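One chain, subunit A, appears in both complexes that follow, with subunit B as partner in the first and subunit C in the second.
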Partner chain A sequence: MQIAPILIVCAVVFALPLVLNNDFLLNKVARYLVLGILTISLALSWGFGGILNLGQAMSFGIGSYAMAMALKLKTIPVHTGSGGLPDFMVWNNVARLPWFWEPFKSISFAIAAGIIVPALVAAGLGWFIFRSRVTGVYVSIITLATMVVLNLVIIDQQSYTGGFNGITDLAQLELFGIAFDAYGRATFYLVATCVMLSLLVAFAFTCSRAGLIVQAIRDHEGRVRYFGYDVATYQIFVFALSAAIAGLAGMLYTIVMEFASPTFLGVQLSLSVVVWCAVGGRQSLVGSFLGAVLVAGMQGALSESAAFLETWTLVMGVLFVLVVLFLPKGLAGLAQVAWHWIVHRRQVTQGIAHGVGRTREGSA
Partner chain B sequence: MTTHLDLRDISVSFNGFKALNGFNMSVRKGELRCLIGPNGAGKTTALDIICGKVKPTAGTVTFDGAALHELEEHEIARAGVGRKFQVPSVFRDLTVAENLEVARAGRPGVWANLRWDLGQARRPNVERLAELVGLAEQLDRPAAYLSHGQTQWLEIGMLVAQDADLILMDEPTAGMTAQETRKTAELFGRLKGKHTLVVVEHDMGFVKAIGDIISVMHMGQLLAEGTAAQVEAHPEVRRAYLGSGGITNA
Partner chain C sequence: MGISRRTLIKNAAALGAFTGAGFPHIWIKNADLARAAGGEIKVGVLFSLTGTTAIIEESLNKATILAIEEINAAGGIKGSKIVPIVEDPASDPATFSEKARKLVVGDKCVSVFGSYTSASRKAVLPVFERQNNLYWYPTLYEGRECSKNVIYTGAVPNQQQDEFVPWLVKKFGKKFYLIGSNYIYPKEENNYCKKLLEKHGGEVVAEEYVPLGHSEFSSVINKIRSTQPNVIFSTVVGDSVVALHRQYRAAGLDPEKMPMASLTTSENEVAAMGGDAAAGHFTSAPYFQVHKSPENEKFVAAYQKRWGADKVTHFVSEACYFQTYLFKQAVEKLATSDITPPNIRDAVKGAETIAPQGKVRIESENLHTWLWPKIAQCKSNGQFEILVETKEWLKPVPYAAYPGQVCTEKGLAEKS
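What follows is the complex of A and B.
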């Protein structure tokens, strides 16, 4: 894989505000870009590591709540009770800020936590899964089940998490004197920067020796052991790295959406990510990213149009089935074939133009 | 020369079936040992025991003083044991060059491998290896597109890349042409001395071409040990192979 497509996509993303002169639209696109980051993280673990994490949205949700908790504590006292207590805690008769909320008074702590906590949770979960050599569909079941449990805990612990409603009425994030309004350009550029960072970090990893070994594990897990690699450690690493990126995406999602909700770590979102990833091409970072942006964008457009109001999920389902049947490598695979075809055609035409001289060179 | 690899009283049973039953074998450093025997004699299981794929129910495996039977597969590999499987096992989605890169496990930890020296400083080494196994033209092709014989060669190349002290080969010439088999015999001749090799093989011509000492297995036990001539003359061996037309046609 080459870096050129990544740079092109990043350039286009950064140029988007020049074309989109509508704050509402900009916010919507930013939202799709964030979902794109989430999908990159799944491509890393699924496409490159062979680990189909059906609970990818868990890391996303943890990141989202980390950011929401910090921003909630920054809100003006209108939205809080006495002593800066979040409103939903007041309604639930919580007298003091719980201990695990305290550190979120620091925004830098929240940002660090939004990345590190998902990574640690994934590493811990991965330790149990991969040390016991659980593979394939069982990994997917365990990750999905873990996410559902966390989701239920968050809904159940209403007094500490806001329950079903999530955490709403948030302050704006302020970093280095810049206020990140969900509908402002600053937020869009923040998201665009994170898209670039995520793509580059993931790309750097896949190009490293460790990335190569992870792909070897995907191809033939058993074989890798006999070269002296501790397979579980590599799997835990890629699992945690993927979770960290998903956590970053979750934090951005809170900023863009202006709330955090249990649906952010819901089954529906988590499975949608798998669809986006498959449609875009799970073995391509750029492909999976574009897959998410395009399909999520389409979902948005369809679900808002009068004609498809009822049937848009059906359209999505048909799209997924078609891709799985006819494009096992997704849109990225299609693009690759097209590119090879173009290059090949050009070579053939050039070959004819150069005629015999070239053939001699070749046979020499 | 002292004993390099030592298997003592190894027993393995799969659901009551004793694949190995008090199997003993010791191999000296730099030796090329051939392991032969009728089907189901436990040859592959013996290799599985050494490389850790199967744990013995009884007995010990020592390699340069280390108790291999107590280690995990990757630890055994780090102790200097490499293994070629009967069904050629390579990474099909990776290119030939990448396969060889993965096999060069100098430092096997995750953090040590977060570096980006692929295809630069190491390329000459990879090219030399690919030439050795006749895959220089295929370096950038995915391994999935190789023929069966080429896949065998690739895995042998990967073992050379791994540079293990002890190399276990399970039917390395299966599916190869006569010419390829001869080339393999040559390569093994070169590896001998620097590496210790244990080779499971059915092709007696190949075994005679490469082996110093041959161990014959039968029903999970060591039946005879010696040079090709000694083994062929051994009455027990003749009896074990009775009905299959003698050892040469096994």
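What follows is the complex of A and C.
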């Protein structure tokens, strides 16, 4: 476990605007970075906590809607003028702003809500799941089902949520006098800062005592319980932390995409995150982050190249199958193997004794 | 564990390789941009080729490509070829938004033709408004939108219902059962329908919304049996249309006495459900494949020659086709150096062309289209028989259901 790869990745991310001197590319890469943050959050609960959350996009969606609601209230509606109701409420014959929209007039509240609400929801859900010692595939089913329920509620309650169309026509976020234009550098650096924060917070957690216990629970839950640890509390904590990071990613996604949609908490996105995480290496924070950025980037590049327009989904499918068959630890595992091979060869040729601590090197 | 300098270098090298492999287009695309211009007019074609709405959107992609190929084959626009850049937004609003950015900001297209669902149009709208580009939207929709960056060539509620609802009341009776999918389009159409019913002495016996993709209509059919409406007014969309028609038929209801009157059932949906299930029901739209006009015969023949003799044309693919010709007309009016989205918009205001459905015009005050409403009945061969054609084309009124509001060149305004 090393911090070096994290620092290098952060440095590269911060340096990207020097290479990408094009608003459109900056915006596009920012989008992939946000998906990367979402994938880090899943790596935390799945790779380190052993909790495969198939509804990871639920926290992402809650964050996204929190930000969208605040930005929607900042928009001057065409129908009712400044301070009026959002347009979709007018269309649905809503007379006054619903109570749960009121606090979103404050951006600070929205930002806090975008992180805390997903964490609380996850903690609540986790309380039921882990207190009753539900494990394995049932956890995945419960999380997936909860997300689908929330998704359906959002689509159904269109007077309050914008329904199927989502919340569109948003104002720009302004914080401390800086306007975060979706195509601007300010937004890119905001996303880059959040990438760094998420990686560091997640890394700090995995190195902490609680983080080690969580990993022990992943490997042998029963044994940890016999040692007298309160297994459920640790699981609830990692589950909630993961949700908070996903909520942060969701808020950034709204800023970068300029809308929120029920598809942000859809099954498709949730499963994509699992795939990205698996391809990058679920037991590596940097690996999962790069997995998301690379796969989403490749998806974009393939579907945009004329040669693969008809077949890009097929190409992606074949790639996933190959990774799952031959790289069970993902790209991070591959990097680890390559690193060991290099180190080992040099040590053999130079006749230096093999360091015991080296076995865990190269993974972060 | 310390960080050795060697580790750092190795990791940095590996990262560099990863980044390079992941974003080959970063460098290649910039090279493309430099080669732009010079006898080429780039347009985006943004219809889903994969995902849930791919079946219908593929036909829209095909109609657009057909028109572009025809225009290029006839010499292009004043010697310049139209270069379509086709993207696959995969039926996903976020991908729609990403691809729209790519087309507008990355490829610098002067217009984009695209979208079937309102959700995808709403998702790309901020891109076009911020970049002041032009989006050509061919689908019938709920109205209530007023953007100077969208050309709407599909019907709005007044163009589908003004003729249809009074005709239904007169022919079948007053009692209407409103059934729709649960989203904004059916609700708006029904808002307008209720206004018309009030005016023409009709009444609503039930108003019901089913989730998108709903396929179990037995409870709906039971309610239809118990309320005995004269007309079932349907704004159900997608696969649900197929399920509703099949189950209606399986339940033994009779289209002669209690027909479904739909705003969304086109040749495309009928092909999916089979002519037997659709026979006897009614649809109101500006275009049907059987419409008799030289332009339409040419369109249908060209479409089937290009894409296959078994393919059908329908009211959305027809709009795709004629809107591409309207684009051509608008660009023709401009000097080569003036081809920008705002200039194209100004040139298309008031533009007219002979479409397969008849002569259409872009209304300059709201950028919607003057169309020719028609009422048709489906036959068991999967085609429609046109029963009523309006004598006059009909002005688009996107805010028809809301007498206080009117769409103007500057945006939405209150009517004084």
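We take it that the second predicted complex is superposed on the first by the 344 of 364 C-alpha atoms of A that agree within 3 Å, B and C clash if a C-alpha of one lies under 4 Å from a C-alpha of the other, contacts with A are read in each partner's own complex, and residues count from 1 in each chain.
Quick note on the criterion: a contact is a pair of C-beta atoms (placed from the backbone, for glycine too) under 8 Å apart; a residue touches a chain by one contact, two chains touch by 3 or more.
Since this is a predicted model, take the numbers as computed values, not measurements.
Enquirer: State whether subunit B and subunit C clash or fit side by side on subunit A once the two structures are superposed.
Expert: Once both complexes are aligned on subunit A, subunit B and subunit C fit side by side.
Enquirer: Looking at the overlay, what does A:Ser59 touch: subunit B (first), subunit C (second), both, or neither?
Expert: neither
Enquirer: One more residue to check, A:Glu258. First (subunit B), second (subunit C), both or neither?
Expert: Touch status of A:Glu258: second partner only.
Enquirer: Could you look at A:Arg223 and tell me whether it touches subunit B, subunit C, both or neither (first, second, both, neither)?
Expert: Touch status of A:Arg223: first partner only.
Enquirer: Return, as a multiple of 10 degrees, the angle whose vertex is the Cα centre of subunit A and whose sides reach the Cα centres of subunit B and subunit C.
Expert: 140
Enquirer: State whether A:Thr39 touches subunit B only (first), subunit C only (second), both chains, or neither.
Expert: neither
Enquirer: Figure out whether A:Thr146 sits in contact with subunit B (first) or subunit C (second), or with both, or with neither.
Expert: In the superposition, A:Thr146 touches no partner, neither subunit B nor subunit C.
Enquirer: One more residue to check, A:Arg209. First (subunit B), second (subunit C), both or neither?
Expert: First partner only, subunit B.
Enquirer: Of subunit B and subunit C, which one contacts the greater number of residues in subunit A?
Expert: The larger set of subunit A residues in touch belongs to C.
Enquirer: Can A:Ser272 be said to touch subunit B (first), subunit C (second), both, or neither?
Expert: neither
Enquirer: Per the contact definition in the header, classify A:Thr161: touching subunit B only (first), subunit C only (second), both, or neither.
Expert: It touches nothing on subunit B or subunit C.
Enquirer: Once you lay one complex on the other using chain A, what is the shortest C-alpha distance from subunit B to subunit C, in Å?
Expert: Nearest C-alpha atoms of the two chains are 10 Å apart.
Enquirer: Spell out the part of subunit A that touches subunit B in their complex, as residue ranges.
Expert: Per the touch definition, subunit A meets subunit B at residues 204-205, 207-210, 212-213, 215-216, 218-220, 222-231, 233-234, 237.
Enquirer: Over in the complex, which subunit C residues touch subunit A? Could you list them?
Expert: Per the stated touch rule, the residues are 1, 3, 7-8, 10-12, 14-15, 18-19, 21-26, 29-30, 49-50, 86-88, 90, 92-94, 97-99, 101-102, 105-106, 118-119, 122-123, 125-127, 130, 144, 146, 182-184, 187-188, 211-212, 405, 411-412.
Enquirer: What does subunit A use to touch subunit C in their complex?
Expert: Result: residues 1-5, 8-9, 12, 19-20, 22-25, 27-29, 31, 78-79, 88, 91-92, 152, 155-156, 158, 163-166, 168-170, 182-183, 257-259, 261, 263-264, 268, 290, 293-294, 297-298, 300-301, 303-306, 309-310, 312-313, 331, 335, 339, 342, 357, 360-361 of subunit A touch subunit C.
Enquirer: Please give the residue numbers of subunit B that touch subunit A in the complex, ascending.
Expert: 51, 53, 72-74, 77-78, 82-83, 85, 89-94, 98-99, 101-103, 105, 108-110, 113-118, 158, 162
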